[in-house]
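The structure appears below as structure tokens.
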Amino acid sequence: MQAMNSDNALHFDVALVLDLLGVFFFAVSGSLLAARKGFDMVGSLLLGCLVGLGGGVIRDLIISTAVPAAFSQPLYLAPPLLAAVLVHLLFSHVERGGRLLIIFDAGGLALFCITGTLKALVAGLNPVAAILLGVTTAVGGGLLRDITANEVPQLFDSKDLYGIPAFLGAGLTTVLFSTGLLNLFSGSAVAVAVFTFRILAWHFGWHAPLAARRNRAGAVPG
Amino acid sequence: MQAMNSDNALHFDVALVLDLLGVFFFAVSGSLLAARKGFDMVGSLLLGCLVGLGGGVIRDLIISTAVPAAFSQPLYLAPPLLAAVLVHLLFSHVERGGRLLIIFDAGGLALFCITGTLKALVAGLNPVAAILLGVTTAVGGGLLRDITANEVPQLFDSKDLYGIPAFLGAGLTTVLFSTGLLNLFSGSAVAVAVFTFRILAWHFGWHAPLAARRNRAGAVPG
Amino acid sequence: MQAMNSDNALHFDVALVLDLLGVFFFAVSGSLLAARKGFDMVGSLLLGCLVGLGGGVIRDLIISTAVPAAFSQPLYLAPPLLAAVLVHLLFSHVERGGRLLIIFDAGGLALFCITGTLKALVAGLNPVAAILLGVTTAVGGGLLRDITANEVPQLFDSKDLYGIPAFLGAGLTTVLFSTGLLNLFSGSAVAVAVFTFRILAWHFGWHAPLAARRNRAGAVPG
């Protein structure tokens, strides 16, 4: 890996905070799902770890030969612990709606598409690979969560846009990084934009064209 | 990694084309499944990426410390894009049968058991490991596809042979490589043989003995 | 990796035997599940490989840049082969209960939380990371098994303790290793303790508090 100048070091510090915040958001979404499924606190903590840390571990395995941050830095275990405790204390069985889960998931998505892309760019990957890796990081944890819970992943579900906001965030991050305009403020603006886009898409049911066009001769034969 | 002679370089060029073709076949199978499940085009593209690139990413993570080819070479994104567009344009909701999915999946299986094994052998793995890795590459993408779609994976399904053709292809590739007989023609012959074997097994319902023998005292108690 | 003294070499030899035994136990649990689901022998062997080797491959990918032991040492394929054959010969469709599966799974859990932690400590990871990796190794294979079989993973299931015994075993291993007290006898004692703990938790239905507290105002409104 190339020597990092102070600029990149700055990127990294900010990225660590954003990364930990993203871990927390995804971990909450995992613990909320655990609560809804009636799992116990250990299951809640472990599902939170899987969702919060899974995307980042995949990212770190792909870009580098070092031990993934989630394993080498014990600090990464704090957000899932906090998430499991908060969900246990604050969440009651009455609030079963998936609304809160969608919101925290959107927060994680918004942060991880930035930190994943940034980490790939700093590691020297080309822009296309960096965007792809940013999207992988952003959607990886949620994919693991949904697969584990035996649900069709939100990622592939056609009800509203999920992958597109992550692509947008990863693309904007790449442009800002390449032009030297990426900083705490522009990065936060991207995160807010991705989060807002995702929530609006969910609220209004925006969706992409279907994978297969409907049959045009759709008339039911008499 | 050891220096590669021109022979291995030739292997690699051919392997790249076969690998991309395998990615395309598996990506089509992913997009077909997305169409059947009613996912949107983004889901179709992402499921195509997961199925087409998943097996190769696992392979590259296992054999090498470099960034997996799917991430370092943007060219690998072309087949899933093409697959999602073709399925969107050509596939109608009427053709819901899994026939097409089985055929494209068999094509990917036939190519990946060769390219996965070859990449492992070139990386210096022993023959047994190379065969195991070839099979892992060949069945990995389809396994991810079926798990994601909440279906019992074809790989473990007892209705017809799936793993055996991949083992055969990986074994033949290892023998041809070790004896210096592997070239475009012999490799293509192996691919055709594996594809044909898999399709015949599916068509005629060939299957292996069950994991557990049926109870011999099978008479229903009176 | 740092030079290993003879002590660590000793650890490694014992660890190899324990690791292979753990692979065997998990592979049996995979083949038993394959039998229950009506898979064929190829599916049984491959599911046994996935369950028996999956946790260790994840572990090796995380801690090191070398090819995972399951791929570089053909010896690792012997336990899944043996497991598939034994299950085929000894298991009949009559014995469908999950009792045997739970017991073999507990055996694998007990051994892998030790070998996974030990391998991480020898590779120079900090104690917290080593414990986390030990737990990941121990629960990884079973998680893959349950996800593949479309069942809610035992790991997250609230019916009895599953993750806690693995945490306990990984923690004890770390303490014994750090104090220089880890040897074949103390390691075996930890394995027996973890196995016993898990089986007792299953038999008596010990469980942790739920992820979310039940609503206190639980009275049904009139």
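Per-chain residue numbering starts at 1, and chain names A, B and C are given in the order in which the chains are listed.
We adopt the following convention: a residue touches a chain if its C-beta (ideal position, glycine included) is under 8 Å from a C-beta of that chain, and two chains touch if they have at least 3 such contacts.
The structure displayed is predicted, hence computed values, not measured ones.
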item	value
Partner chains shared by subunit A and subunit B (touch criterion as defined above)	C
Cα superposition of subunit B on its sequence copy subunit C - rotation in ° rounded to nearest 5	120
Fraction-based call for subunit C against subunit A, same above half, different below	different
Where subunit A and subunit C are represented by their mean Cα positions, the distance between them in whole Å	28
Interface hub residues of subunit B, defined as touching at least two other chains	61, 65, 147, 150
Touch list for subunit C against partner subunit B, complex	31, 34-35, 37-47, 57, 61, 65, 67-68, 70-72, 74, 77, 84, 87-89, 91-94, 147-150
For the subunit A and subunit B complex, residues of the former touching the latter	61-63, 65, 125-126, 128-129, 132-133, 139, 143, 147, 150-153, 155-158, 161-164, 207-216
